[in-house]
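In what comes next, chain A is part of two complexes: it sits with chain B in the first one and with chain C in the second one.
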Partner chain A sequence: MLRPTGVVRWALWAFAGFVLAFVYVPLIVVGINSFNRDRTFGWPPAGFTTQWWQTALTAPGPREALVTSVYAGLGATVIALVLGTLLSLALTRFDFFGRSVVNLLVVLPIALPGIVTGLALQSAISNVLTPVLGISAGLFTIIVGHATFCIVVIFNNVTARLRRMGTSLELASADLGAGPWTTFRRVTFPLLRSALVAGGLLAFGLSFDEIVVTTFTAGPGTPTLPIWIYNNLFRPTQAPVVNVVAVVLVVLSILPVWLAQRIGGREAGASRL
Partner chain B sequence: MKRKTPYGLLAAPLLWLVVAYLGALASIFATAFFTTDSFTNEVVPGFSLDNFRALATGTYAGIVGRTLLIAALVTVLCVGLAVPFAFVMARVVPARWRSVGLALVLVPLWASYLVKAYAWRAMLQPEGVLERTLGGTPGYGFVAVVLTLTYLWLPYMILPVYAGFERLPESHLEASADLGGSDWATFRRVVLPALGPSIAAGTVFTFSLSLGDYIAVSIVGGKLQMLGTAVLQNNVLDLPFAAALGTVSVVIMVIYLVAMRRTGALENL
Partner chain C sequence: MSEGQAAAIRLVGLRKEFHGTPPVVAVDDVDLVVGGGEFFSMLGPSGSGKTTVLRMIAGFEAPTAGRVELAGADVTALPPHRRDVNTVFQDYALFPHLSVRDNVEYGLRVKGVDKAQARTRAMAELERVRLADLAERRPAQLSGGQRQRVALARALVNRPQVLLLDEPLGALDLKLREQMQVELKAIQREVGITFLFVTHDQEEALTLSDRIAVFNAGRIEQVGTAREVYESPATGFVAGFVGTSNMLTAAAAQAVVGTDGAFAIRPEKIHLTLPGVSAEPGSVRTRGTIAEVVYAGPVTRYVVDLAAGGRLTALEQNGHRTAADGLVRGAEVDLYWAAQHLISIPTT
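On to the complex of A and B.
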């Protein structure tokens, strides 16, 4: 039923092809452009060179930004792993007053527009962190911001796994005389491990690519890779290097999610949303 | 499930979320009611609706209206592209190719948001890909922003709609055909109503993401102003006003979510 045939079928195939082209052509153009011989962009490229790749790989700006991005991603992922797992255990294994409020609170950082979250964190940095604690915007504040919205990624992954696991194994462990900590260490954690790895990869990928909140939390001295691209986007002299870094960013943002899917299966991919 | 409050598990994450996030959020909503001293540019605490009054008049009402228009256009375009595409994926593509097709759409969803917006500069600029291959370009501005945002959020619409097609019971389609409904009648009167909640779920993404965007707008929008760019512009000199603009975008989003809840969209997120 409702399996189109003839002309309709061909029209639908053509439409799907058009959508796929719409999705892929711009990304492919960026890829081709990173080998463009000209400094200024013209289509089609007059010739090809790997010169910009060499320039980009040795340029200090992108490299420092890459290091900042990796540190920020690792820091945010570690914090989110701990906090997200704790929250997930609390919300799936216990029923308590205010449970749905806590659930809402976890989702809020990705549900609200990023610019509002960014604005809020920025004013917290300039009004509280800097005058009271002497911490100015930099790597630390980037990590705090990223961890806040990465918690939900870990939370979703671990919650999906905990629901599927059920409680029988944990109850069996308790019946055999294991305390809560032993049960967690020897039963729950080993069963959660792949969900944690998949969630951690997704959180890292999310942090690595984030720019909306980061604009407000990164100080001028510590750009992440996306911020570095954004700062150099409108400078014609930097255009060839920006193209190369853009390709690197696409690959590095796809890679963690792809790995997470291989490890965690379909439940991992869906929770990125 | 045990009926007990697990304080030990909740303490650390709640401390983080309440202090680092909720506190900051509350202070920015409060700031929306403060004013800025026009001589020193310093924020003056107090309670005043001046920021919201300024928002309701002239330029800024125009910006809010334009942002809503763009978000609506992007949403309509995403629905128009996603429904036929998801239909092909779910019902025309042979079953064994389906996962490949889905992966083809999903992979760009994960590719860097910034680079995707940047990619449209090369497409739209003078002597760019569009002008050289199709003979013309809309240039940076309104059309470019609608196009780029549609591009950015399209996968967020395709995913829920595809899932909606997959959930559609074959028996409903057979019943419609048995009762004499043509394919088109079945599509219009059985499939589309059943897809409603899935489409609504997709629009939550396309609408709210468009509402708060400022990166893509600043990259391909030329001088075009949207809510997001206005927030950024006022951020340094007039924080209370920027906070008021941010508050407006949150209020619009909450209204939209409440409206969508009646369609059952939120269960499909």
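On to the complex of A and C.
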């Protein structure tokens, strides 16, 4: 690899450092403030306290929001894994009329502004779901809303893997006497597994910190963690607890993404035949 | 092919068109019969349709028209997993997530052979290709030649009626390829299965095959034994593709042979002498100038520009020749060959 020298090298370091600081210093400040004894976050911190953490852990609001977020993330991820994988198999392994249109329709939700998706879903909920089916905004509608973009993540991961895999392994399996289902169970699925895990973790991470679509699909009684933060941000009494919840949110969102990257990276190395 | 027995493979009017405007005709009404236990090669340049024919026999491509029969049964409509053929793929297509042994066991396991028996048979097949000690490895940990042998064992363990081999030696280096050719031939004799072998390497086809079909532009130009295809090519294409092409046409044919038409002559049939040395009676003789001398170890190749027009390549054994025999670049020489070695090519 080319190694920059002299001034260029120094400038690159400085620039990279500046960008990283810009992104991470605010996060660190939030982390520190969750232990700041001063209720209005005076700087430098007035002293160390775990009081806000205790309050946050015992207060019902954040805990219920956390549970809602976990359920929403798991639900959306499971739906996305099943539908995203099936869609990907259909679109990469079979040729049919309107294939490219379906392909576009599948990936469109990730390009669609969240606010449009949210509005559309809200209108569907209030005009169709609630009056006709009796389903009102709540956990179920959050899951459906999140699934719209989680499917895309799984679909992209699985499609990339299927393309890289090619069809020769599946042909070889059929050639050796395996029917389509046996081939999927013994060859395709095992080779997709790591892509599914990585995609699933990424989807969960996306769902976990989503706020725009959630604003429109969550009912008043079921805030997710990000919604709870947003609702309590400007209430002076809750401000210190918000910091704590934010730290938890950051950790729980980054963890799956980091894991997904690790799995993705290891796979890329191992499958280079 | 033995009498009264159904052909191992029978292709009737097999045709494949691929989408496009106009449609691309990859295989153009091919008829072919391959006998049981034959080592049969489909030889041709890339794009001549030989691999497409193979894929239609395996069931990976559906023919546009025509029929594929295996042992007398029409299998045209059957999916690959219902056909009693196995394929050795060009890229081997070994399952990367399975060990070598699990790869070889795969076909038996999916057909319901119990674990213990499948294992025994897989290990026996790995013994045959001398890879039993690497049974626990993953394909990624093997060399190209070893992967090739695993692919062969994985297909052979199922004892199919027909083994399809799609340029299986293409990715190997020359030494390994020659070694595998010997092994392939020995294995085929041992197991007695019909081998249908696709290759673009004419030497490989000549060395291995009982019979060869020469493909060109989606059609079969000639079917015959190695000797027939090489010594009596049916068309100009076969004469040019199998072996070095030495063609005498138009004015050169008129001048050298005495009649119009197209003639082929193999380089090793041509002898060179200095002018004036008498040749064997009954031979065709013509004069030329050496344009190029290529020394290649056991043989030397001479490219000669004929006085009558055209250019011929002659191949001389180096066994009894020396550097001082006067056959150097620019030298005038006489070329002669026995009349029966001149092959008349039908012009179309």
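Methods note: the second predicted complex is superposed on the first by the 253 of 273 C-alpha atoms of A that agree within 3 Å, B and C clash if a C-alpha of one lies under 4 Å from a C-alpha of the other, contacts with A are read in each partner's own complex, and residues count from 1 in each chain.
Everything that follows uses one rule, which is that a residue touches a chain if its C-beta (ideal position, glycine included) is under 8 Å from a C-beta of that chain, and two chains touch if they have at least 3 such contacts.
This structure is a prediction, so every number in the text was calculated from the model and none was measured.
In the three-chain model built by superposing on chain A, chain B and chain C fit together without any clash. Computed from Cα centres after superposition, the angle at chain A between chain B and chain C reads 90 degrees (steps of 10). Taking chain A as the reference, the larger set of touched residues comes from B, when chain B and chain C are compared.
In the overlay built on the shared chain, the residue A:Leu104 is in contact with neither chain B nor chain C. Touch criterion met: A:Val187 reaches chain C, while chain B stays clear of it. Look at A:Ala21: by the touch rule set out above, it reaches neither chain B nor chain C.
With both structures placed on the common chain, the touch criterion links A:Leu57 to neither chain B nor chain C. Of the two partner chains, chain B is the only one touched by A:Trp43; chain C is not.
Taken over all C-alpha pairs, chain B and chain C come no nearer than 9 Å in the superposed arrangement. Residues 270, 273 of chain A contact both chain B in one complex and chain C in the other. Per the touch definition, chain B reaches chain A in the complex via residues 1-6, 9-10, 12-14, 16-18, 20-25, 27-28, 31, 81, 84-85, 87-89, 91-93, 104-116, 118-123, 125, 127-129, 131-133, 151, 154-156, 159, 170, 173-174, 176-177, 183, 186-187, 191, 205, 208, 211-215, 219, 228, 231-232, 235, 239, 242-243, 246-247, 249-250, 253, 269. Partner chain B is touched in their complex by these residues of chain A: 1-4, 8-9, 12-13, 15-16, 19-20, 22-27, 29-30, 33, 41-44, 79, 82-84, 86-87, 89-90, 92-97, 102, 105-106, 108-109, 111-117, 119-124, 127, 144, 147-148, 151, 205, 209, 211-212, 215, 226, 229-230, 233, 242, 246-247, 249-250, 253-254, 257-258, 269-270, 272-273.
If you check the complex, the residues on chain A that touch chain C are 168-169, 171-179, 182, 186-187, 190-191, 270-271, 273. Partner chain A is touched in their complex by these residues of chain C: 58-60, 79-81, 85-87, 89, 91, 93-97, 106-107, 110-111, 139-140, 154-155, 158.
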